[in-house]
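Take a look at the structures below.
Two complexes come next, and they have one chain in common, chain A, joined by chain B in the first and chain C in the second.
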Partner chain A sequence: MLKLYDYELSGNCYKVRLMLAFLGLTYKQILIEFYPSKQHKSQEFFKINPLGQLPVISDQDILVRDAQAILIYLAAKYDRQKRWYPTRNPAMIAQISEWLFFANDLTSTSSAARLHDGFFYTDIRIEECRKRAHELFRVLDEHLYFNEQQGYSWICHSKNPTIADIACFPYIILSEEGGISRINYPAIRRWCDRFKRIPHFTVMPGVFPAGPDKTLDK
Partner chain B sequence: MDIEFSKWFPVASTSDLPYRHIFQAQLLGREYAIWRADDGHVNIWENRCLHRGVRLSIGINEGSELKCQYHGWRYANRTAGCTYIPAHPADAPARTICNNTYQSQEKYGMIWTCETPDGTVPEIEGFGSYTVLRPIPINSSYKTIENFLTNVGIPKHQFVKSKSTVAWQFKLESGTQISFFIQPQNNNISILRGIYSLHIEGAEKIKILKHYNSIMVEIRDKLEKQDSPQLPDLEPKISQVSDQLSKIPVYGNQNQRFHLRVTVTEKVRISDNIIKLKLKSIKEQLPTFHAGAHIDIQLQNGLIRQYSLTNGPGETDHYCIAVKIEKNGGGGSKTIGENIAIGDVIAISSPHNSFPLLRNSKHTIFVAGGIGITPLLSMAKALHSMKLSFEFHYFTQSQDLSAFQNEIYKLGKNTNTYIDLTIDQTLSKIEKILETPSPLNKVYVCGPGEMIENTIKIGNDSGWNESNLRYEYFKNNNKIDNDSTFQIELARSAISLNVPSGKSILEVLTENGIKLESSCEQGACGTCKVSVLEGDINHQDVYLNSSEKRKGKVILTCVSRAKSDRLILDI
Partner chain C sequence: MGATICTDKVILNQWHPISSVDDLKNNEQGNTILLEEDLSFNKISDEEVLIWKSADPSKKLLQAKLKYGYLWTTLGHPAPDLFSFPEFYEIDRRNVATGAFGVNISAGRAIENFLDMGHFPFVHTGILGEEPHTEVKEYDVSISENDDEILATKCQFYQPQAAVASSEGTDVEYIYRVPHINCAILYKSSPVDESRQDAIVIFVQPVGPEKVRAHTGMCIIDDKSADADIRLFQQTIFGQDKPILENQLPKKLPLDSRAETPIRADKSAIAYRRWLSQKGLTYGVIPSKDINLSRFT
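This part shows the complex of A and B:
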């Protein structure tokens, strides 16, 4: 059975929980306390991930670390319809990869600001993190606006959401916990509504559900 | 900038309000939650819940109501009146719980607002058709952007001195125009909005949008590089509830009861004997109503009648009532049938609710007989929209069958309609419906007096708790005995009055300048209910249930009297 080394308040762990929910996979949760006891920096956990980072999954004899890597693994292995990560479509993989790296930049900015404000991290240059996060949000907002204009609802030019959407969602929706307002990113906010309406969407502390979709409402 | 509160500003693009979205906006420091209801109305509200101040923009747009994410308070479309507080499922919230609303107008593909409007959104010449450009937020003041547009402008475009004070117009050689607007979010941040003077679609649209997006982004980048002084942020005053709601109303104004003026906008015969009226306010917003409420109507011939609203939740742009034409009735229904026409103005009261829907039941059973369906229909619509469990039983005659068929159909699967049953058949059906009593469920019944009496009896006999059997009579068939003479003492007002035979307590109170809200004045609706501190009551109403009557703690002042020499009332 799949095992997820998990921390409830981590946005990176939330990415994996979302993927598992969307794919309808059952898994065993192993809780690792990130704050305040820093279990992810313990000797025992270093044996699982020498980088001392969450999340990690184990699938029989395979261990995968890093949220983005886990998304790729789960989608490639368990999504029979190959929608979340279309392995046979190189152009789409290129697009998805761009935004997976973008998601990593969100971790070092938006997520860092949240660690500063909510988890008392003191070695973070907060103003710089916020400024850089706003730069990233500006780029994504413009991108999503023109996607909408061309009839695309998601980050990539695809009919369905991909793992790029999952990778970007948590640290965008949690940005206000790091003092980063989304008032000036209307296209991002509309995309967040759409993301929350994906069937089997699940929440975490600080993330609220959206109202029902037009099609589901009937 | 000098703050111009009478000036209109765009605060959103029409495309910012897709289905069931709540848009967060800001103008001159004030934050707004902007949402479009399913009927098309665009609401612009103060962006905070009246309960704990949480932003409503993170709430849920339910189509006709907005629900706060924190504790689930619900607010109605248009009025922003609170319709439901989950922590008090058994109470209808006071009408005074009402969020601040702001003017909204939709023009040129944008949503506009203004704090103290003087007129409407100005016309902009040459924009009979248009395409809305992507708005660009800029970390700059209104003045800085205004200077830039006026003095620098944009390449290849000629600045047109525009007649409108809200737009900066530019012309291309081809004659096509661009109009820019500045939305000052706060002192140091504004949104540059623009429209293009042609309606375009497809690839051409994307091309134009991208072209102007890059021009506007360039303006943004130039302005943000300038070292402009940072001004302190504006902190708008968030006003308390309006004077009208927070002050005690002027005393003794008899016209106040019928203070709303409405126009009849629809009059449809929905079956042989039933007429549906749709009433729209002439100028002010109709007050928020709660499911089960009724209004008093003053008819042209001086008669006063009560009718339940059949509206669904959040339908605040009109009231709907259904009137059964009684051939042998008191004349009220006949007047409506014959004398009221589309376009007529009539006077009505605010909604009263003495038959409130309690939402603390696990399951709700509705038993409707004939025209008694009206308040129950409004309740069932409210439960249906909240996805709470209920079943709806409607007893009718075939000649009236067509009247509510459509609306019942929309309530989903748990509805049953019984046609032309005899009294015995009806009673045995009701026995079946009520056969499993539960303290967690409630029964609402409304219909002919005899049917209500029998349903309550059946309910009691099958073991239902009396307080879970809820009903509303349309009229009181009891013969009122008003022979007695007695004293009333008003404990809070320290006044003693004599009630002579032939006059009701309510009449005596009114004659002495003590205004008590009343509606049907025949002991059916419960509006004039007052608490009794001492004395024996001769109950003559059909509103209170038998245990309430036994306890003797409340009285309906329009019909009931004293058995003892005096009554002490808690007013």
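This part shows the complex of A and C:
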């Protein structure tokens, strides 16, 4: 059975929980307390991931570390329709990859700001993180706006969401916990609502479900 | 005591929590912020912790108190003793510090949210409440003159998973105490022993008027769950509260009874605001205009 080394309040772990929910996969959750006990930096956990980072999954004899790598692995292996990660479409893989790296930049900015404000990571340069996060949000907002104009609802040019959407969603939706407001990013806000309406969407502390889509009534 | 940035005597003359005892390490300096002042502290033995203003070259010591699993200090002249919390000393209870969380909100708003049952089904869906069980039934609130604390009793709420040890939904009875302007304790029927109550605490450290560290803890009868599971349960709950708290405007707690429209379920919050008003608190709140007027006439 799939095992997920998980921490409830981690946005990176949430990415994997979302992927597992969207794919309808059952798994065993092994809770690793990131805060306050820093269990992910314990000698025991270093044996699982020498980088001391969450999440990690194990699937029989395969161990996958890093949220983005796990998304790729799960989608490539378990999504029979090859929608979340279209392995036979190099152009789409290129697009997805761009945004997976972008998601990592969200971790070092928006997520870092959240760690600073909520979990007392006081050595983080908070103003710099927030400034850089806003730069990234501006880029994504414009990108999503132009996608909408071309009839695309998601980050990549595809009819359905991909793992790029999953990778970017958590640290966008949790940004206000790090003092990064989304008020000036209307296309991001619309995308967040669409994302929350993907069938089998699941929440985490700090994330609430969307109401019904009122545009469908018109 | 020297000059302080905060000038409100009501909040200066309190004991404030700054760290859980679990987080203190021998001879390792810790730093925190209390009422906008940078503080440093160092535990030198199980009984003694030194606390001083970080910027003070003479390192003049502030008062320190180790109690209820926390390190407390003050920038003023508080009563020597903290409020009572006898359950903490019951030998068969587990006292677990469930973590401190930074929240960009005033202390009053954080306490008020802790007292509110109305949000359970919507914010803690599937754990502390769920639709359609949304009604907050009538409950009693009193302000005890003797102990100077607020007491809300006969609170009842349907909860799908009231505690980490719960296996099914049940009607849970709550008692809330607010024995300190920034601290509250709730008691709820224990899923393990019906005759007793688990206690859950929130001790709020005011970092600034609109910024706090919320120290959460549990004092429960549960000999099965691991400490980490108890912590993770409480962290999930608090993680759900955080965005609700941070989206409240104004961030300071308005004390004027006309500032926000309460409903019956807010009875304890009304009492809390009135109690803070009577004390003359001005820090982290928007004082009631009536109170201000009466003070000058």
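Please note the rule applied: the second predicted complex is superposed on the first by the 212 of 218 C-alpha atoms of A that agree within 3 Å, B and C clash if a C-alpha of one lies under 4 Å from a C-alpha of the other, contacts with A are read in each partner's own complex, and residues count from 1 in each chain.
The rule we apply is simple: a residue touches a chain if its C-beta (ideal position, glycine included) is under 8 Å from a C-beta of that chain, and two chains touch if they have at least 3 such contacts.
No experiment lies behind these values; they were computed from the predicted model shown.
Student: Just checking: does A:142 make contact with chain B only, chain C only, both, or neither of them? Give me first, second, both or neither.
Tutor: first
Student: Per the contact definition in the header, classify A:193: touching chain B only (first), chain C only (second), both, or neither.
Tutor: After superposition on chain A, A:193 lies in contact with chain B alone.
Student: Quick check on the superposed pair: does A:8 touch chain B, chain C, both, or neither? Answer first, second, both or neither.
Tutor: Only chain C; A:8 stays clear of chain B.
Student: Given the touch rule stated above, what does A:206 touch, chain B (first), chain C (second), both, or neither?
Tutor: In the superposed model, A:206 contacts chain C only, not chain B.
Student: Kindly classify A:122 by the partners it touches after superposition: chain B alone (first), chain C alone (second), both, or neither?
Tutor: After superposing on A, A:122 lies in contact with chain C but is clear of chain B.
Student: Once chain A of both complexes is superposed, is A:36 in touch with chain B (first), chain C (second), both, or neither?
Tutor: After superposing on A, A:36 lies in contact with chain C but is clear of chain B.
Student: On chain A, which stretch or stretches are contacted by chain B in one complex as well as by chain C in the other?
Tutor: Residues 208 of chain A touch both chain B and chain C.
Student: In the complex, go through chain A and note every residue touching chain C.
Tutor: 8-9, 31, 33, 35-37, 39, 117-120, 122, 176-177, 179, 204-206, 208
Student: For chain C, which residues are in contact with chain A within the complex?
Tutor: 22-23, 31, 99-104, 213, 228-229, 231-232, 235-240, 242-243, 246-247
Student: What part of chain B is in contact with chain A in the complex they form?
Tutor: 12-13, 15-16, 18-21, 23-26, 31, 58, 60-63, 67, 69, 134-135, 137, 185, 189, 191, 205-206, 209-210, 213, 217
Student: For a test of understanding, state which residues of chain A touch chain B in their complex under the given definition.
Tutor: For chain A paired with chain B, touching residues are 142, 145-146, 148-150, 182-184, 186, 189-190, 193, 208-214, 217.
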